[in-house]
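All chains are identified by letter, namely A, B, C and D, in their written order; residue positions are counted from 1 within each chain.
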Amino acid sequence: MPPRRRSLGAARAASLIGRQGVLVALLLLILFGALRYDNFLGSYNVLSLLRYNAMFALVALGMCFVIMTGGIDLSVGAVAAMASVVSALVSPYGLVPALAAGIGAGLLTGLVNGLVIAWGGILPFITTLATMLAANGMALLLAGNQSVSVSWEGLFIELGQGDLFGLPVPALIAAAAYLLGSLALNYTAFGRNTLAVGGNEEAARLMGLPVRRVKIAVYVLSGGLAGLAGVILASQFGAGQPTEGAGWELFAIAAVVVGGTLLTGGIGSVGATLSGVLLLGLIFNILNFENGRGAISLSAYWQSVIRGLFLLVVVVLQSRLTARRTG
Amino acid sequence: MAELSLSKRSEAPARRMGRRMRDWGAPLALLALLVFNVAVTPNFLTWQTFFVNLTQVATIVIVAVGMTLVIATGGIDLSVGSLMAIAGALAPLILGGSLFGPLDPTTAVALALGVPVLVTAALGLFNGVLVTGFRIQPIIATLVLFIAGRGIAQVMTNGNLQTFSNPSFQWIGLGRISGVPVQAVLMVVIVLAMAWVLRATVYGRHVLATGGNEGAARLAGIPVARVKLAVYAISGLLSGIAGLIVISINSSADANLIGLGMELDAIAAVAVGGTLLTGGRATVIGTLLGALIIQLVRYTLLANGVPDAAALVVKAAIILLAVWLQRQGASR
Amino acid sequence: QGLPAMKQKETYKVGFAQTESNNPWRIAQTESMKAEAAKRGWQLVYTDAAGSAAKQVADVDSMIAQGVDLIFLAPREEKPLVPAVMKAKRAGIPVILLDRTVDESVAKAGRDYVTFIGSDFVEEGRRAAQWLVKATNGNARIIQLEGTAGSSPANDRRKGFEEVIAKNPGMKIVASQSGDFVRDKGRQVTETLLQAHPDATAIYAHNDEMVIGAIAAVEAAGRTPGKDIRLVSIDGTRDALQAIIDGKLGATVECSPRFGPKAFDTALRYAKGEKIEPKIINEDQFFDASNAAAKIGEAF
Amino acid sequence: MRGIGKHFAGVAALTDASLEVGRGEVHALIGQNGAGKSTLIKILTGAYRRDVGEVLFDGRPIDPSSPKDARRLGISTIYQEVNLVPFRSVAENVFLGREPRRFGLIDWRRVHDRAAELLRRFGIEIDVRRPLGSYNIAVQQMVAIARAVSFDARLVVMDEPTSSLDEQEVEILFGVIRQLKESGVSVIFVSHRLDELYAVCDRVTVMRDGRTVAASAMRDIGKLELVSTMLGRRMTEVERGGATGFTGSAHHGREPLLAVEGLRQGRRVQDASVELRAGEIVGLAGLLGSGRTEVARVLFGADALEGGTLRLNGRPVRFQSPADAIRAGIGFCSEDRKSEGIIPDMSIRENMTLALLPAMSRAGIVDTYHQQSVVWTFIRRLGIKCASPDQKIRELSGGNQQKVLLARWLCMNPKVLLLDEPTRGIDVGAKAEIQALIQELADGGMGVLMISSELEELVEGADRVVVLRDGRTVAELDGDAVSEPALMHAMAHGHSQDPAETAHG
């Protein structure tokens, strides 16, 4: 087969294997943790893990849609930080205004991203790099260079710290978002258009798809979800934090890609992205437990080496599996 | 109808002007910044200011040149900062004799300059192998070393600050050649060499063809894999050089901090300079201008006492503006 | 509801939630904690939040899940770490705060956590300012190199310093920019600011690393540190003391990272049921030309 | 459309072009490569905005600002380069932008059923759930056609829809066009194959250098007149050449230059054997999917040899990559010029000399003087229409891009040249020139393997034709035995006709 066809086949298979592969890796890691550490599968650990990673899951979901159009959103972390500040400032007026303000800040940044990218024709990487800086600066300005307390009265705190049906509220929110996201991707025109734009933008335009609107929509979505993550951040930690969110974008990108989504766009999966988030989130947790066993005390430095190696193993494995499938 | 066509008619000249904008966007932006500074910033027009800016921008430029090549092939290299840290961590270990044992001074300096750079070039090659051999997307392939690389540097030094003093080694950071800082000379040499390579050599054409359409390039007999391996290796090598410069200026190596955030600075310089981030079109001179613009923005904001937070917002606006100027008239 | 109790045992499993490990001060602090744990034969669950308050809370969560007996927390920030303290309390695990505190309007020593051990950053700023006023006879044009924007040591060290400076009409801060607590940044920022403000006569840096960078910048600009330009900073690292001995740095306010012995002693006292005072402030020294040579051996 | 003008960065693509299409009419649009056909169409369908002129549709002036606009007005288009989304399934590509829904959500069952049904009308039985990109260009082209036709449009525009189809599929397409016509839909049809125009079109508009130079009813204009109007030359000049540029010759060497025997490759190719001698043109015939392209790719080292033996000058070889094959003096011009041919952002000069670079450089430094002279030679020789050699190749018309790619290999002066649909999308004038050039090269001792879906081209050009069917070599026709009926029979039935019959037929 000619290479283009093969690479297509490869890409398809990659997404499939990626989807299953990441799930298998996730299950293996859970099994490893359960066998090796006490209390690893205890409800306290599981629930706090879910509560904490819900924020990343939301950000990664938005990133997933952006990446499927062939774009990238580097601003998510800074936007989340900015939204956390905004919602913290508004939190004395109640849950709904705070939620609206935080998500609104995210949507607005997303809109700026989308407009600049779709109408200004500036590449996503550079556009969102700039808005990342700007959002970071705005967060610091709004917060006066320090964390902003949220109001501890009222419902606002419950959003991040509360439970519902015995499950952490942030995790429930994330689960709902993924359900909707999966539905939107697979069963709506928006989802299909997203993949079409990423698959071949020129073709999508000539086919009469609303390319610009799709692009604007994914960045708005990503901004909004980052904003929501920011509100949860403020609520969960009781403070708007202008300096949080550094590195979230890389975490999200890694989760999306580990989930088999193609960075050049056109192929992607929402469910596998969630597995990617949990997989990467679990590693931090396992490293903490490993330190707790006291057999070896891993310095922070070794931890980053191990995280890098782990990422390497996952992506190499994925690539090998794909090669065997298609070769 | 008639009105409509009239208004449309003016499009062609506008676009032609746009095309000129692309070629002149970066120099114009730079000029505007210079004029602004001469008017506003105190003591701007001095040699000292000139050299301060040159020395501060040198490492970004050196790294960004490698980044330009990588981006020209349609890739990206996030690991540059971590590679700088590895080079920076290795050199003092060699100088201090804890790696190869005590050495005579000349050998020590030679090894301290050579080995780290070779190591980072090899690590760059490793990135290249992941990209070509395992077909891993560049951003993820280099994310591996972005995360692990700094960890390796930290493990090597146990996270400790290594201070040293070795004038002949530190010549690359502190020395001057007839009054001009060595690192600035090095920067200019590297920029000119790479600009020439990209423009005049077969390899340069191969780099651009690979980024322009990989499938077609392969069928035209271009050794695509080898071309890519080389750009990542070059990027690694240049990162290593930048790492050595940073530690010699500071007389100390801090694995935690050398090159932190360098990837973003370098990518921004490349983009502002007019290289296409999707590959296939690249300009090394543009990258130099892009880096100078970013440096000058930073200098302007600092020298005029703009608070950090506000400076971030301004920097964002200027980057977007510069890139937008580039865009005008680029293929539509 | 009061503080959770701590059982008396032969040996303990305690957690130490570190903020980050990217500067010599933090590394020294970690070393001190680890060494003390090893000396006493306690098991130490060590985590590193890599500069993220949110991750630090998650780290504390994993310590709670592992059932440690007590948590030493070096909070990254005042407000976001409140939930970590509260969760530990709810799980029946006492917390001792190190070097920074949490929002005192929400969490209180003696009720939500055992105590705070550390230095007073505002006071450090004041001491640096007082020295500078004396050294320059109340006449100086000062460049301030701030720490990481938004971090509490940066905020407090600025506050204390500016408080004293404001009382001296001859002292003027001509520029104040962040150097991120980093040597390289400190150098670059100083290079730039010296170009823009050639009339500056003094530099105050929020930590020693930045001041060392600043000294290099001053020298590169062709001026003599310690003569043309007086410098003062905070921390008391070995490099800084050496700079004082070399006559380049004027003085540095100690901010000791060696928490180990005091922290573990306090934990033991608490386990025995003693009443612990709400704040244990380190008695920090002050290094200048008079004592630097004598003290450099002890510096970190 | 009246008085349409369009400039691209200083180059006039259209000056005063007009086009009138009646209701229920099949209208041919012809012209040389770069005459402006695609540009005119893109203006009509809103992909480009015009500089001057007006467009009337149903008597009302329209100004479509995007393909979406045009579609709403009832104009549906198949563009010259297949413009679909390769990663998405065939069914999705057919229905993108108007998926059948239930409760507001996409009803996948109906998407698949209706797509399969639609394609069946076009004689294509494929798994519509597989990604479009896993099928070859011909299938993709048919999907594009099916998509465009399935809109209830009043005007369907087809820009060279047949250039990658074989005769059988062309027939199917014509059936569809006739159906459209009967239901009152108008069709604009662009093609460089004149016979096709006579087969389906009612009227014709001829373009030259961005102007429309003639319009007439199809039956009122003879083939020769059409060609001469199009080329802007007198009829007698045109008459002199044959239908193709081949003159036929038989003085080729005995020794096989490049040969492959018992080739197995992937699932498609089972047992293919082809032998190529110096100085001869060997045609490779077969239906779509018969594995011709794959054989050529293996000969070029683009795909690794999985089974069988490959011999160069009688010695077995293994090419690891195209670079190896190129060093051995083999050139290969791919059928898929968009994804495997051009490097869109590079100049004509660089695209043309890409494979030659190592040979025209000293110590890795490009000899630009040499480069310029080579480029100018071939621009003149192939009549490539461009503003300058430094123009980006993506700005050229389709046919001119193809010429640049041919030049890429011709300028290397290879010993063996593998051509996959070399004259695809090239106008009749240039086609003859290219064919003549191929002939000249073969006469000069080069071995040429030519894959073509145009039987006429094979019959006139090839000294010998190898016929593939389902990945097997099923027949080899030599010299006089090569005729269109014989080829068709072999392609369809898997063996050559009784030689006696051929001689009489």
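Criterion: contacts are C-beta pairs under 8 Å (C-beta built on N, C-alpha and C of every residue); 3 or more make two chains touch, one makes a residue touch a chain.
Note that the coordinates shown come from a computational prediction; the quantities given were computed from them, not determined experimentally.
**Q** Taking each chain's centre as the mean of its C-alpha atoms, give the chain farthest from chain D.
**A** The chain farthest from chain D, judged by C-alpha centres, is C.
**Q** Please state whether A-B or A-D has more C-beta contact pairs across its interface.
**A** If we tally the C-beta pairs in contact for A-B and A-D, the bigger total goes to A-B.
**Q** Provide the C-alpha centroid distance between chain A and chain B, rounded to the nearest whole angstrom.
**A** One centre to the other, that is 28 Å.
**Q** In angstrom, rounded to a whole number, how far apart do the mean CA points of chain B and chain D lie?
**A** 43
**Q** Would you mind pulling out the distance in Å between where the CA atoms of chain B average out and where those of chain C do?
**A** The answer is 34 Å.
**Q** Give me the residues of chain D that touch two or more other chains.
**A** Within chain D, the residues that touch at least two other chains are 302, 334, 339-340.
**Q** Could you list the positions in chain C whose residues touch two or more of the other chains?
**A** 21, 149
**Q** Considering chain B alone, which of its residues make contact with at least two other chains?
**A** 154, 158-159, 215, 218, 308-309
**Q** Which pairs of chains touch each other?
**A** According to the stated criterion, the contacting chain pairs are A-B, A-C, A-D, B-C, B-D.
**Q** Can you list the chain B residues touching chain C in their complex?
**A** Answer in residue numbers: 41-44, 46, 48-49, 52, 55-56, 154, 158-161, 163, 246, 249-252, 254, 256-258, 299, 302-305, 308-309.
**Q** In the complex, go through chain D and note every residue touching chain A.
**A** Checking each residue of chain D against chain A gives 47, 66-68, 70-71, 77, 79, 83-88, 92, 96-97, 99, 104-106, 108, 131, 133-134, 136, 147, 266, 268, 293-294, 297, 302-303, 334, 336, 339-340.
**Q** So in the complex, the part of chain A that touches chain D is made up of which residues?
**A** Touching chain D: residues 1-5, 8-9, 11-12, 183, 186-189, 192-193, 195-196, 198-200, 202-210, 262, 266-267 of chain A.
**Q** What residues of chain C sit close enough to touch chain B in their complex?
**A** Going by the criterion above, the answer is residues 21-24, 27, 149, 175-178, 182-184, 187-189, 191-193, 195-198, 209, 212-213, 216, 221-222, 239.
**Q** Which part of chain C faces chain A closely enough to touch in the complex?
**A** 13, 18, 20-21, 34, 43-48, 50-55, 57-59, 61-68, 77-83, 91, 103, 105-106, 148-152, 155
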